[in-house]
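Per-chain residue numbering starts at 1, and chain names A, B, C and D are given in the order in which the chains are listed.
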C-alpha cells in the first residue's frame, strides 16, 4: 500500500469524526426528545430515501467495478463504469433535491421557515430537522466533491493515464466514494426510519 | 509498486455483495414498520453496521489490505464510539443521581428511565 | 510608593477563610495535594540540579550509556499512581457528599441574570446580590438562569456550581462561621461578568431571626398562588376535582406517568418544564396543546414561586421543602454543624 | 548514524541550500519544500505570538487596578482574542508546523513530507484562518473567551463571533492536514534501516500529535459549524430556550480541546527528549517507555475531557469516571519527567542555552502537571474551577512547558535551520529572564485562584491587588524576555557566525547533513544502521 492510500484512509478517519460530532448530537437529542423525533417520520419519504439508498449502493458497485477495470487495464470499462457512477451520483442528488424541495414546501426549513403541524413538538422537531439538513447537506456536499473527483477521473482515463501499473488515484477516489456511501447507510435508518409507522 | 500485491476481486463477489446490500436496505425499511419498541433502533443500527462492514470489507478492499489499514478502520470506529458513548453516558446517568425517591412505589415507577 | 505598598500588603491574603462544613475536608485534600506536589517538585528540582552538577561536562570524562531500567520505570509509574488513586478516592468521596443535600436543608432559590444574582427565600423575602444564611444550618440553593451560563461560587465555602439555562442546578453547604463572604459568578457571562457578585452574610441564630422579618408580599408559596390565579391556571388545574388538566394537590415529588409511556418524577425540574413548555411531557390521559406555553411570559423567579405553591399543595413533603412554612431554621436551629 | 556521501566541500564560498537555491517571493509562496514551508510557518506563528502577547500585556496592565483601567468590554475582547490567537494560531501549530515540519522528513531520512503540496495548502489554510480571525480583531474583537461557550456565543454576544469561529474552523483543517502528513510520512517515508525503534523520540511525539490532530480536530470543526448555524439561524441546537442543550456544546468542544492541549505539549516533550540526550551526551533513559508514553498520552487524552465539566451539572457517575481517567493520563507524563531527569545520570552535561530551556521545561512542566492533579480530583476541582488557579495551571503547562520547549528547540535547531549561530551569552540571559518572569507572573495566580479570584474578571476585589501587581510585574519581565531572542535571532540571520553541520556534536540524521540543508535534504537516501542517540556503546543494560 502506498503513501497516498494511507493518506486517504487517514483522511477518512477524520471524516468519520467530522460526521461523528453530528451523530453524537443526534444520539443526545433523540434520547432527550424521543416522541418529537418519532413524530417527524411522517415527513420523511421512505420511498425516496430507500430509493436513494439503493441508488448509492448501485453507484458503489459501479465504482468498485471501475477500480477493477483500472486494475485490469480495461480502459473502456473504466470509462463506462465511471460514467455510470456519475449518473447514479447525480440521480441521488436530484432525488435529494426533490426531497429538499418538499421540505421547503412543507415549511420545514429550520431557522428560516419552520412551522410544525404539531405545536407541542415545534422546537424539538426543529432540532431533528436541523440535524437532518446538516447531516444530509454535509453528505450531499461530499457527493458533489465526489462527482468533481469522478469528472477528473473520467478525463484522466480518457487520456489513458491509468493502467494496471498506475491506478492509485482510481482506488483513492473509490475509497472516498464508498465512504460517502457508508455515511448514507447510517443516515437512512436514523433519519427516515425513526418513528413507528403503520 | 502496489500492483504486485493487488488481488483483483471477482465480479460475482461484487455483485453478490451489492445484492446483499440491496436486500438489507429492504429489510431495514420493512423492520421499521414493526413495533419492536426499543429494539427498532438496535435492529436498524445492526443492519446498518452490517452493510457498512460489507462495503468496507469488500468494496473498500479491507479484506485484502494490510494490518495497518485495518488498524486505522478500527481506530476510526473506536474514536467514534468514545465520542458518542462518553457523551451519551453523561445524559444517560444524570437521572441516577438527582431522581427523588417516589413516595408510593407504584408499578410505573419501576421502569422510570 | 512605600505608602501604597503598605496599603497593598495590608490587604494581602494568602489563604481563604474556611467558613463552611465542607471547607475543612476540602482543604485537607487540598493540603494533601499541595504536600505531595511540593515533595515531588522539590524531588525533581533537586535531582535535576544535583545530576546536572555532578555529571557536568569535564574533559576526558565520557558519558556512560545506559539503556534503561524496567524496574525503575515500573516503580515510578506505579508508585505515583497509587498516591493519585488516594487523591481520586478522596476527591470523589467529598464530591458525592456535595451532591446529596440533607433532607432538612433550608431551601433558597437563586436566579442568575446578566449581571446579577436574584435570591428568593421561602418566606417571600427577595434580595439582589446578597444571600443571608444562618450559621450551622444546611442550606440548599436551587439555581436557575434567565439567559446564559453563570456559575455560583462562594470561595469561603469552597462551593461552586454552574447555572445552566434550561434546567435547575443545585448546591448545598452548611455555613460554620458568622461573617461576610464574597460570592462570585465564575463562568464568563458577558460584559459585566466581573460585577456579578455580592456578599453572603452568615449570621448567628438570633441575628438571623431578627433579619428574617418575612416578605411583605407573603411567602413564596402565597406569591405563587397569586400568580396561579392571575395567569388563569386555576381554571383548569382545579384543586379537588378533575378538570381538563391534572390535579396538582399531592403531586410534588411523585412519579407521573406520561403519554409516551415514560415515567418521570414531578420534581422541581419537571414542574418547571411543565410550566414553560407544557407539551414537552404530557401526563398520560390528558390532551396536549391545551395549556399555553409560558416561556417568555414568566420569569424564572415567577416560575420558582409557582413551584413553591405546587409544593405547598403536597403536605407530605419534608417540612423544609415547603414554601408555606416559616423559615425552618428559626424554629429549629441546629446546635452543631453536620459532618 | 548513516552513510551519507558528502559531495560538497566545506570550502565552497556559498553552499547551495534550501534558502538560497531560489529567490523571489514566488519561490517562497509556491514552494513545496517542507523546510521553506516551516520557515513561512515560523514567521506567521511568531507574528501571531506577538499579537496575542501584546493583548496579554494590555490586560495585565488593566489588572494593576482593582477597578480596572480599561472598560469591561475592551478587557473581555482582549482576553478572548488572546486565548483564540494563542491557542489556535500559536500553540497548536507552534512546534508541529515549524520544527517538526522542518525536521521530521530529515529525521526519518526522507526528501520531503509524504504530501508536499498538502503541506503548502495547510499553510495557506492557516493564513486564511488567521485573516478571518484578525478581521474579527480589527472590527472590534470577540468577547466569548476562546471556549466559545453557548448560549453566550450563539445568542447573547454582540461581537464578531462568526468571523472568529470561521477563522478557527479553517485553521483546524490546516492542523488536520499537518497531522495527516506526519502520520503518513512516519509510516511510509522512513529510510532503509530506520525502524520504529530507531526513530528519534521527537518523531514519536509528533506522530502521537498527528493522531490527535486527525482524530480530534474534525469534531471541533463540526462543533463550530453547528455554532455558526445556531448563531445565524437560531435552530435550537445549543439554545436552551428552544430545546437545545448548552452542555452538549461543551462535550463536543472539549472532545477536541482537551486532546488539543496534548497537541500543544506532546511535541514539546519530543523536543526536550532530543535536547536532554544531546547535552547529556547520552541515550535517553528508557527509550521505549518514553516512546510509548507518547502514544499513551495520545490515546488517553481522548477520554478525559469531562474534567472540564465537573461543575456544569455533568452526571455524577460520568464525572467520577472522567476524574479517574484524568489521573491515568498523568502517569505517562510523569514517566517522561522521571526519564529525562534520569538521562543526566552518569552523563556529560553541558549548559548550553537549549539545555537551560530544557531545565526550565522540566521544572515548570512538573509544577504544571502536578497542579493538574488538583483539577482532576473532583472536590478540589469544585473549589478551583473557573478561578485563576486554572489560569496558572494551564499557563504553567502551555507557556512554562510548551513555549519553553519551543524556544529550546528553536535554539537547538536554529543553526540547522539558518546555518548561523546566535549569541550564546544573550541567549542564556534571555532564558534566565524568561524563567524568572514566568514564575513571577504565574505563581501568584495559584494563590489568587485558591483565594477564589475568578478568571475573566476585568475588575476584582481590592484584597487581590498585591498579587495581581506582582503578576503584572512578572508579565512585563516575561515580555522583555521574549523580545530578546526575537532581536538576536533576526540579527543572527544576517550576521551570526557560520554554524557548520553539527555545532552541538549531536547524533541524528539532521546533524549529518549540511546547515542549512539542501532542498532535498540528502544527496542520496541514507541507510540507517545505528540506534537513536548513539553517543557511544551502551555500557549498562539494566532490566
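Going forward, a residue touches a chain if its C-beta (ideal position, glycine included) is under 8 Å from a C-beta of that chain, and two chains touch if they have at least 3 such contacts.
Small disclaimer: the values here were computed from a predicted structure and weren't measured.
The pair with more inter-chain C-beta contacts, choosing from A-C and C-D, is C-D.
With centres taken as mean CA coordinates, the chain nearest to the overall protein centre is D.
Centroid to centroid, with C-alpha atoms defining each point, chain B and chain C lie 39 Å apart.
Chain A and chain C, compared by their mean Cα positions, are separated by 45 Å. Separation between the centroids of chain B and chain D, computed from CA atoms only, is 37 Å.
Counting only residues that touch two or more partner chains, chain A has 2, 6, 10, 13, 17, 20-21, 24, 28, 32-33, 123-124. Annotation for chain D: residues 187, 215, 219, 243-245, 247-248, 251-252, 255, 313, 316 touch two or more other chains. The residues of chain C that reach two or more other chains are 99, 277, listed in rising order.
If you check the complex, the residues on chain B that touch chain D are 68, 75, 79, 82-83, 86-87, 89-94, 96-97.
Those residues of chain D that touch chain A in the shared complex are 114-115, 118, 176, 180-181, 183-185, 187-189, 214-219, 221-223, 225-226, 229, 232-237, 242-245, 248, 251-252, 255. Residue ranges on chain D touching chain C, taken from their complex, read 68, 72-73, 76, 143-145, 149, 151-152, 155-157, 240-241, 243-247, 280-283, 285-289, 310-313, 316, 319-320, 323-324, 327-328, 330-331, 334-335, 337-339, 341-342, 344-351, 359, 362-363, 366-367, 370-371, 373-374, 376-383, 385-387, 447, 450-452, 454-467, 469, 535-543.
Residues 33-35, 118-121, 123-124 of chain A touch chain C in their complex. Listing the residues of chain D that touch chain B in their complex gives 187, 215, 219, 247-248, 251-252, 255, 302-303, 305-306, 309, 313-318, 321-322.
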